[in-house]
Structures are given as C-alpha cells and as structure tokens.
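In the part that follows, the structures are each spelled out as structure tokens.
The two complexes that follow have chain A in common; it is paired with chain B in the first and with chain C in the second.
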Partner chain A sequence: MNGTVLGNVESIRYFLPEIVLVGTILAVIAFELLAGRGRAPEPPTAIGRRSPVCDGTLAIGLLGVAGSLAALLSLGYEGPLLLFEGAIAWDPFSIFFRWFFLAVAAAVLLIAHPYRPLVCLHYGEFVSLVVGTAFGMMLLASSTNLLLVYLALEMVSLPSYILAGFLRGDRKSSEAALKYAVYGAAASGAMLYGFSFLYGMTGSIHFFEMREAIASGGIPVVHLLVPIVLVLAGFGYKIAAVPFHMWAPDVYEGSATPITAFFSVGPKAAGLAVLIRFFHSVFAAGGEASLRVIGSVDWTLLLAILSAITMTLGNLAAIGQDNLKRMLAYSSIAHAGTMLMGAVVLGGSGVHAILFYLVVYAFMNLGAFLVVIAISIDKRRETIADFRGLGWRMPFLGVSMTVFLLSLTGVPPTAGFVAKFAILRALIEEEIYWLAVIGVLNTVVSLYYYARVIKAMFLDAPDPTEPALPSLSRIHLALLALFLVPTILLGFRFGVLDAIAAASRFLVVGS
Partner chain B sequence: MNRLESYLLISSILAALGVVTIASRRNAVAILMGIELLLNAAALNFVAFGRFVKNAAGTHPLDGQIFAIFIIVLAAAEAVILLAVIIAIYRQVESIDADRLRELKG
Partner chain C sequence: MDILTWITFSPLLFIPILLLLPENRKNAIRWTAAAGTAVPLALAVYLYGAFDRTLAGINEPGSFQFVVRNPWIESFSIEYYMGIDGLSVTMVLLTALLSFLCIFASFGIDRGLRGYFSLFLLLEVGMMGVFCALDFFLFYLFWEIMLLPMYFLIGVWGGPRKVYAAIKFFLYTLFGSVLMLLCILALYFKGGHTFDMVRLMNGAVESGSIGLFGTALGFGKAIFIGLFIGFAIKVPIFPFHTWLPDAHVEAPTPISVILAGVLLKMGTYGMLRISYPILPEATRWFAPALATFALVNIVYGALCAMAQKDLKKLIAYSSISHMGFVLLGMSSGTVQGMNGAVLQMFNHGTITAMLFLLVGVIYDRAHHREIEGFGGLAGRTPIYATFSALAFFAAIGLPGLSGFISEALVLIGGFRAFPALTILCASGIVLGAAYMLWTYQRIFLGPLNEKYSALPEIDGREIFTLAPLAALAVLLGFYPHPILGMMQSSMSHLVRAVWG
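Moving on, here comes the complex of A and B:
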C-alpha cells in the first residue's frame, strides 16, 4: 500500500491520540502537585491506604486513555498516510497497535489499583509513567524512520527502567531496575551502532529510501549482516528473544507484579511491531502478495533460527522454576519465540497470525498475572508452593488460572490453541516444516510446567498453618471475567478477531 | 585525516572499548561509562557518514548530524536514570558492585 505524504501541519490532526496522551501525563503530574499542596507528605505507613488524591490521579489517567481511544475512533481510516513528511505511518497495522497499547495501558492501571504495595506510593508518577510508556509504544509501532525508532524505543525504555525499580526500598525491585537499565542501555547502544552503518551505506534514515538503496544492490554481505545483527540485538532485547533475554527473569521477578504484567505484554508487542515494520519496509519489497527479501542477507533465516532457539530455551528454562513470576517470564520468552515464527513468513499471513496471537496472548497472560496479583495483594506469594490447594480455597481463581494456563499451553478448545494453530498454518503454507515441528514439540514441553501449577492448585493439600488469603477485590473480579471470557470464547468463535487481524495486517510500503 | 576511513577507525575503537568495558567491569558506574563510549561511537559514525555520504539525490541532508544531537540528548537522559538507580542500590546494599547483586537468580 502506498501512502500519501502529509506535511507537518496537516499531520497534527492524525497525531491527536498521541497528543491527548502527552496532555494526560502533564495533567496527572499537575493534579498531584496542586491537590497534594498543603498536606503533609505521606508517611511510609500510608502505603496501601487510599486517598482522594491517588484515586484522582488514576481517574485522570484512565480518562486520558479513554480520550485517546475516542480521538482514534473519531479519526476513522480512509487510506494509508505518512505523517510528518514521512516519519510516522498511519496504516491499519499501526492503528491496530495504537488500540492495543491503549487497551493494555488501561488494563494495567486498573490491575494496579487494588495492589497494596503500589497504592499511593507516588501514584501520580506511576500513572504518568505507564501512560508515557504507552505513548512510546504507539510511536514505536508507527515510526518509519531510524531517528524516530530510536527516540520511540527510548521513550518505552526509560519509563520502564523507573517502573521496574518503583518499589523504593525493596532490594529486589532496585536490583531489577539496575539490570533492566544496564542491559537495555547496552542493547540500544548496539542497535544505534548498527543504525549508523545502515545510514552510512544507504545515505538515508528513511525506511523507503533505504529500501531503494538496498534494492539497487552492490552492498556486500558482511556490510549488511553486521548491522542487521546489531539491530536485532536492540529489537530482540525488547521482545526478550534469546540470546538477548538474560534480563527478563530477574526483572520480572523483582518488579511489582502489575508492572511485570505490563512488561510481559506491552513492550514485547511494541518490539515485535517495530521488528516487523523495519524488516518488511527496509529489507523486503514487492507488495503484500509477492513480498520478497532484498539485499544480500536472508534475514528470514536469521529470524527463524532466533525463534527456534528462543522457544526451546524459554521452555526448557521454565521447567525448573519454583517462582511463578520467573516461570511466567520464561514462558513469555517462549511465547516471543512463537510469535517470531510468524515474522519468518513474508506476505500477509504471517503478520495476520501474529496480530491474532498478540491479542489472545494479552488476554491469557494478563489473566495469569492477575491471579498472581490477586493472591499476593498484601505480601509476596509468588512460589508454586503458595498456590497449593488454591483450587479448593478460592475456586473461581483456581479455575480461571487453569483456563489461562491451558490457553498459554495451546490446548483446545482455548484461544491459545487457535492462535498457535494460525501461526503454524502460516508456516506450513510457506513450507517451512522444520520450524513448525520445533514449534509443536515446544508446546509439549510447555505443558509440563504449566500442568505443575494446575496440579499444585487442585491435587496438593493446602498448608493448614497458612493464614486466609486476601479476598478478591471488585475491580480484579471484573477484570478476571473480562480476561476469562475471551480466552474461552475465542477458542471457538474467533471470526471477529480474525477479521480484525486480517484487516490490520497491511503496512504502508512507500509513498 | 580528512577521510571517512579515519573516522570509522576511531569510532570502531571507541565501540570496542565500550563493549569491553561493559563486559569486564563490575562497577556499575564503570559499566555506564562503557555504555557512553558505545553511544558516542555511534554518534561519531553518524556525523562522519553525514559529512561524506551522499543520498540518492546526490545531496548532503543534515540527517546524520541531527541524529548525533539526539543521541547526545538521550544519552544524558539515560545516564540520569542509570545514576538514580545506582544511588537507590547504594542506599540498600552499600555497594555498586554488580557482582554483589544476588537477590535475583535462577
């Protein structure tokens, strides 16, 4: 799809959803400053106690996200555009991700609301950081220019570092922040070094001009391979693909659980979006149906190897984990590998399958994290031992967790099965059989560690000395139902989501 | 000295030093210095390419130079956050030795 290039002034209209988000960040900070003026600073004992100020910041944050969604809805879609002289894409693919990130941000704000370690702990900052990350992710999924990719990536990374260390005074949380920041800064430095060589060889930082320079040939293999590997380090770090995944288990375990849930869905999807757009716009040409690799490097093979290693290592490492957050971290690495399998398939069917998978993954993964959050609302209860007998003590939580875990495995009739099937079908249609076989084998491995949790919940007796679990808050109950229904329903009535994913697979490919 | 190769040589030395520093030093501030070296290698590359490489139209747009300015600004932002995290760690552990951070592993 060729897009019309819009000038700076005409583009502002289409940038309204993002502008609303930036306004929200400022409004939240200003509100907290003004409403909190004259009060004594909150003593440390106030953590966990709600106040009008902290409820107000949450309300403003949610209103801002809703306003951004409304702006997106009112803009409609009439055809692909390239905003700001070709720097930002306005195409079905980027609009899909704008929706996705806004929904994820709203869900995380609501999930965090009853979580006591976070409540009223600089809540305004928490809300503005989550909204800021959402803004960065929206930018990342739509940028068509190296400079903007770098800026957006940092707009996602920098707030994430702070979010990881948000539980101040908690040693694990601070350690998670340091590990996240050091790995992240090194990965983005490597990516930047790769960008500089791509710029040097193509003479441009705009995706489509770079593609023309690469298509005209004459760039030796080595000169393309090294920058591609460096750029993959930057994107792979956001997705948590092996071998750039080392930070993930530590950061997931150390951060506050609502923030972990956010990391496992938001930045991962953003990294996947920018990876697809970068490789499909710069290193591939020929329209949707006949998209083919250009340049001297077959990057689809690189991605295929990367996804096979990511899936296998993620699943194998998850087997030995006793901490549920670490287990879910490795499982999210394995899911990143599964989604990368879709990126190997050029043409629409791969992207189509990935978009479908992402939505399903968001429901089931946020759901699984929500169960962990719901039972560890007052103190850290994150090991599998803490889940013993949960199915009998809190049946609704236990049954929901079982559904989410089965869906994460990819067992029919859950949504996870349909999503995994879509990715495998795309691979088999392209006759990449070896990768499909590895994908199926990995599903079998993953069943083992997910089933361990289910066994602990239903077959193991609860510890009799264990005090009663906290009761489920109303927000969490509503959200749990919201995640549970699609996880089951999409297992057999997936027509609507499939149509949305099919319509959203189009990327703007030039001007 | 006024050739592209000499700039690329300097930047690759900078990048190599940066990577070695990140991989070998245990002090968190020293790791931050290594990251800065890597970022500056990329910035130097951008400026050098911007000066010597023509785009398809045969002109020299200022893309490379502008990119370098953005790198400098964002490197500062990144350093601020990393230093803040390092201070938070120091308050709890009384050390900024990356080897002594062993709460999270497995």
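Moving on, here comes the complex of A and C:
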C-alpha cells in the first residue's frame, strides 16, 4: 500500500507516542534526582524494602507508557502515512509494533518491581532504560530509511548493554554486558558496512528509492549478496538467529531475570520487524498478493536456510542446559527460527502468521520467565534442580509453568500450538514443504527439554531439606493470570487475535 | 440435545468438583470420578439403542448420525463438527465402557487422587472426541489433548522406569502427530480451504505431486505415507512399536488398559476414518505393503511375547500381534476383512483390557509379575483362575469366544486378497496359542508355589471390573451381531468407496 508523505511539522502530531516516551525518560530521571536527593542509595542487601522513590519512579514510568498508549489510541488510523519526509512509516504494521513494544515495556516494569535484586538499585535508571529501549524499538519497527534504521538499532542496543550489566556487583552480569556490547558493536559495524554497499549501488538510503534501483536490474549477484549477508548479520544479531546468536546464552544467563525476559521478547521482535520491513520493501516488489523477490539474489531461500539452522541448533543446544535461563535463551533462539520461517513466505500470510506468533510468544515466554522470577525473588533458583517438586509445593505456579512450557512446545490446546499452526499454514500454502517438515520435527526436539522441566516439577519428589519458597507477590499473581489466561484461551478462540494480525500485516511500500 | 457434545465433554464437568474436594476424602473423590465416566456410559447405552444401523456414513455427509455442526473459527474455516457412523460408534461404546470400568480398577491408587482422576477424565474427553470429530482440526486437537494426561498418568503413577516410559511415549506420539499436522494442512489447501473430513473425501484431492528434499511423489501417496507414520506409531506397527512395551509395562494397571484398549485403536481408526476414504487411490496402492506390515506385526509380536518373562510385557507384545490382524483385515479390501478388522478392534479392546486387569490383580497381591515366580494358583484362587482362563482362551481365539469370530473374518477376507501371506499370518494364531497356554500352565497349573499358599482370592470390586468384559467375550463369541450389526453397512460402504 502507498502512503502519503508528510512534512516535518505535520508529522509531529503522529510522533506523539514516541515524544511522550522521551518525556517520560526525562521525567523519571528528574524525579529520582529531586526526590532522592540527600538519600544514600540503598544497598542491594536491603531486600524487600521499597522506598517511596522507587514506587514513584515506577509510577512515572508506567504512566508514561500508558500516556504513550493513549496518544497512540487518540491518533486513530486514517491510512498509511510516511512521516518526516518519508523516514518513518505510519502503517498498520508499525502501529501493531508500537502497541506491542509499549505493552512489553509495561509488563517488564511490573515484573521487575517485586524482584529484589533490582529494586532500589538505581531503580530510576532501570525504568528510564527500559522506556528508552521501547522508544528505540518503536523507531526501529517503523524506519524506512537506512540511516534511521541504524540510529534506531543503536537506540535499542545501547540501553540493552547497560541493562545487561545492571547487577553491578555480579561478575556474570558484567560479563553479559561486555559480551553483548562487543558482539553488538561487531554486528552493527557489519550492518553499517552492508548499508554503505547498498547506498553505493542504489544511490539512496530511502527504502523505496533503493527498490526502484534494484528492480531496474543490472546489479551483479555478488554485489547484492555481500550487503544482504552483512545486513542479515546486524538484524540476525538482534533476533539471535544462528550463527549470530553466540551472545544470547551468556547474556540471558548473566542479566537479571526480568531483563532477560525483556531481551527475549522486545529486541527480538524489533529485529524481526525491521527485517521484514527491510526485505519486503527493498528486495521485493508487486502488490500484496503478488509480492515477489527482485534483484539477483533469492534472499527468501537464504532466510529459509537461516531459519532451519536457527531452529535446529537452538533446540539441540537447549537439550543439554541445566540452567533454566540458558535453556530459555536457546529456546528463544529456536522460536526466532520458527518466526523466521514466516518471513520466508512473501505476501501477507507470512507476516500475518509472524504477528500472531509474536503476541502469543510474548504471553508464553514472559509467563515462563515470570515463574522463574517468582521463585527466585530471595535467591537465585535458576537450575532445573531448583524446580524439583515445585508442582506439588506450589501447584498454581507448577501448573502455570506447565501450560507455558507446553505452549512453547506447541502442543494443543494452547496458544503456542495455534501460533505454530499459523506459521505452518503459511508455509504449506506456498508449498515450502521441506522447511515445514524441519519445523515440525523441531517441535518434537523441543518437547524433550521443555518436558525435563515439567518432569522436575511433577515427576520428581521435592527436596525435603529445601526451605520454603517465597510466596507469590500480588503483582506477580496478577501478571501470571494475565499471561496464563490468553495462553490457554487463544488455543481455542483465536479469531480476534487472528483478525488483528490480519489487519496489521500491511506495510507501506511506496509513496 | 447434542448428545455427542455431552458424551465427549461431560467428564470435564466433574474435574472442578474433584479439585474442590479435600485430598483426604478418598472415597468421595473416587465416586465423583466414577460419576464422571458413568454419564458418557449412560449416553453410550442410549446411543446403542438409538443408532440407526442402516445408515452408512463414511463419505456421505447426510448419513452421519447425531451430527453437531457449528462454525468455530471462521477465518481458518474450522468448524465444531461432530458425528458418528458405524465405524465410530463401536469405538465410542468401547471407550465409554473401558473408561468406566477403569475408574473402579483405579480405586487402589492412593496418592494424588485428585490429580489422577482429573487427568483420567481429561483423557476420556480426548478419546471420545477423536472418535466423534469430523473436522480435521478438531480431530487433531482431541488427538493431542490425550498426550498430556497420558504423560502424567504414566510418569507420576507408573512403575520403576516410569519417567523414561512417559517421555518416550510423549516424544514418539508427538513425532507422529506433527507429521499428521502437515498432512492436514496440505489437504486443507488441496481440498479448497476446508478441514471438513467428509468434504475432503468427496473432493478428489489426490492429484498432483509433492517435492520434498529432491524427491517427488504423488500428492495422495505422500500424504498417505505422512498420515500412515502418524497412525502407525499409535497402533503401533513395527518398526514404530518400541514405545509400547515400555509404556504398557510402566503404566499403572488402569492406564495400561486404556492404552491397549482404546489408544491403540486410534491408529487403525484414523486410517479407516481419514486415510482410506480421503485417499482411496493411495490406499489401494499401499494395501500390499499394509498386509506385509500386518504379517510382520503378527509374527514379530507373537515371537517377542513368547520370549517374555514379565507377564505384563508378554501381554503388551501380544497386543502388537493382535493389532496385526486388524491391519490384515484392513488391507484385504473385502467386506469380511474390514468387518473383521473393526470387530477385532472392539474385541481386542475388551480382551486385552481383561488381561491387563488380571495382571493388575496378581501384581497387587504378589508385587511382581514374573511368570516363573508363580505356579499352581488354580487351586488357591479358583475364581481368578477361571477369569484368567476365559481371557487367555479369548485371546487365543478359541471358537465360542469373541476373538475367534473377528480373527476368522479377518483371515477369510485376507485370504481372498493375499492367500499366501494370510496363511503365514494364520501361524500367528498357533504362536499365540503356544505362548498363552504355556503361560497359563506356568502360572496356574502344577504344584502350588508355597510362597503364595495364602494368596487372597480376587475381590468383589475386581470381579465387577472383569465380569462385564468376560460377559462380552462370551456373548460376542456366540452372537457377534450386537456389534457387527452396527458397523456392517458402514464397512461395506467403505469397501465400495475405496475399492469400487
């Protein structure tokens, strides 16, 4: 669909959600400076006590996110626009992601609130970094311009590095931050190098002008292949697609668990969004129904191979993990591969399936992390052995975790099954059978390691010497229900979400 | 009243009651669960009376009975579409009966009762649903819903190697069902965006071909093979059978009964319900291979059974052998063979259920199942020995008992299609007689093993679970019409639909 280009001044109105977020960041920082003046920062050992300053910063952060959502809602939707002279898309696809990132940011702020290792440890900074990352992700999902893609990607990455290292006394956390930063620098460098090739060959940094140049032909295979691979390295790093995934297990394990949960959903979705937008609007042309690859490189095949390797390696590596956060890291790599399968399918059905999958994935993955967080509030309980007998000691947590894990596996009647089904449906419709077969075989592999956790929770007896687990805080209980209900319900009644995903699949592809 | 919805979902209504009861009120929990399975049983009895035996079903949408049809998820064209014909009604009856009896066989379970019975009722929902569903998506949901309760029932309440057996079962069946899922999707697009099985049967979907990893195969054949693997794992057909001995042996007695009595039938039911009428051309192409699989199952299963020292494992392997007869009947393409196959599904369900219940009885008392560890029990426990004799002879296929009729029908049908192969298959009956009689002799005859001179006789509850099955074995041995009559018009219609 074609969009109307708006000038800089007219565009500001549509940029209001992002502006509110930026304002929130400043407000949080200012509030903490002013309200916290004169108080010594509370040491991390003072667990469980929450100061009014903490609650205040959280409230401001949440209010900001809510304000941004309200701004988004008030703008409505009148048709695709291209803001700021064609740099930022205002189309159903980007609006979907604006909603998605705001919701994820709010969820993460709430999840983190009762998590003692984070509380009062420069809490304002934590809030502003999460909100800042959300801002970057919103920008990334809507950029239609190479320069802005790069800036937005850095806007996601830089706060992420700090978030990864947020537990300052913790060696693993510091290691995570360093690894994340080094890998991130390499990946974005590679991507930038790829961009420079593309600019050199097409003479533009605007997606649609680049497409015109590529469609007119004449660019040799190698000259396109090199930048495509380099750009994939940049996006693949954000998505944690194999072979650009090496950072993920260490970063996921080292970061504070709420932050890990954030990484596994937010930046991953942002990476997917930019990947879809970039490839579907630069290297593909034609209408909604007849989208086809242009240029001399069949990047869909490249993506198909990438997704097959990502799923398979992610799942195989997850089998051997005893640390649940590492296992969920590998599992999230595998899920990235599953979603990439959808990106192989051109035309609306693939994007439609990915959007559906993302929402379901957010519920079930955040849910699984939430259970890990809920039981490790007072001390780290992150290995499978720590889950032994959980199902008998805390039945609600155990049953919820089982539902989340089965949903992650893709076993009916859970939302995860329907999501996987949607992706497979898109593949089979395009008759890409080989990838579908690899996809479903991976489901079987993934069952093996998810079932290990279920086994530990229900089939193993609890360790009688183990002290009582912390009781569930009210915020966590509410959030758990919030994640659990859709994870079950969307397994039966997914018509509404399907309609939302269907309506949101449209990208602006020209002006 | 849409009776199929009630027969499928009514056990679900009892789960909240179970969960609300305090764990120490064991009898209340048990009887609530019994009530949960009594409702479907009562409805099944009603179905038995109300079922019109002249209507064929299979691929005629108009002649399915008790049809419920509502749109469900319209953007995926998924419907809530249930209905039964002569093929499914027998399985519905079997499921309702065995589930009810197994609740009573589960009265000995004494830990985690609420969880156990809740999962059991959930399992029954899945089983009933599979046999009633006519929408492919719905069928798949029910098919998969069973995996989870089964995993926990084996894994939590099973024997020493329960964890291994449970995950093996889960992985094997999931492997089979994901392939089925792809086939469902391929059929969906081929059949013009529909999950309606009956419409697919009339849609001539077999043309075209599928290319996969550099090989090309006719569309119908490729889909048939994909579905076949999924179903073969459930049956199980050699070489996909290795989960079965583990799962059957480690599962608690009532769950072994359900596994052997109902779950195995889902494989053959799936082929008859889905693969046969939707892909008739591929079915004819595959029939000789299926007959060969049947032979391997019969002989291999019997030989393995003969070598077992553990009584439960012996019966597990004998199931593989007896399911081979179902396959032989299905491959024959004759009315006798097909009728025999479905009747054998029913009879094997009741007879094997009896055998597993009998193993459970002795295991509860002696705490082991070594065949060699007994001897002379007939004098000590005559009622138990009588029930065992009846079950063993029914399993052998002694004339006058139910197993004979179905195996004879299968062999008659099979002989017309594959004479030489059927003669080899008949050797399975001889082998069956050999291992069964030898086993009976070692356990019940000879001098009494002094260790068991005080072995208590079978009690009233156990007799209650066995007697209906024994009565069926005798009744259907003389007069198979009550079951055979229900399926006949459907099965002849199916033979006409596939073989013309």
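The definition used in the following text is that the second predicted complex is superposed on the first by the 503 of 511 C-alpha atoms of A that agree within 3 Å, B and C clash if a C-alpha of one lies under 4 Å from a C-alpha of the other, contacts with A are read in each partner's own complex, and residues count from 1 in each chain.
Operating definition for what follows: a contact is a pair of C-beta atoms (placed from the backbone, for glycine too) under 8 Å apart; a residue touches a chain by one contact, two chains touch by 3 or more.
Just so we're clear, the structure is a prediction, and the values are computed from it rather than from any experiment.
Looking at the shared chain after the overlay, A:Leu424 reaches chain C, while chain B stays out of its contact range. Touch criterion not met for A:Leu479: it reaches neither chain B nor chain C. The partner that reaches more residues of chain A, of the two candidates chain B and chain C, is B. Legend: residue contacts after superposition of the two complexes on their common chain; A:Leu497 is shown touching neither chain B nor chain C.
By the touch criterion defined above, A:Ala87 lies against neither chain B nor chain C after alignment on the C-alpha atoms of chain A.
Chain A meets chain C in the complex at residues 406, 411-413, 417, 421, 424-425, 428-429, 431, 433-434, 436-437, 440-441, 443-444, 447-448, 451, 454-455, 458-459, 493-495, 498-499, 502.
On chain A, the positions that touch chain B within their shared complex are 146-147, 150-151, 154, 158, 161-162, 165, 168-169, 171-172, 174-179, 181-182, 185-186, 188-190, 192-193, 195-197, 199-200, 203-205, 209, 212-213, 249-250, 253-254, 320-321, 323, 326.
By the touch criterion given at the top, residues 11, 15, 18, 22, 28, 31-32, 34-35, 38-39, 41-43, 45-46, 48-50, 53-56, 63-64, 66-67, 70-71, 74, 77-78, 81-82, 84-86, 88-89, 92-93, 98, 101, 103-106 of chain B touch chain A in their complex. On the chain C side of its complex with chain A, the touching residues are 73-76, 140-141, 144-145, 147-148, 151-152, 155-156, 162-163, 166-167, 170-171, 174-175, 178-179, 181-182, 185-186, 188-189, 210-213.
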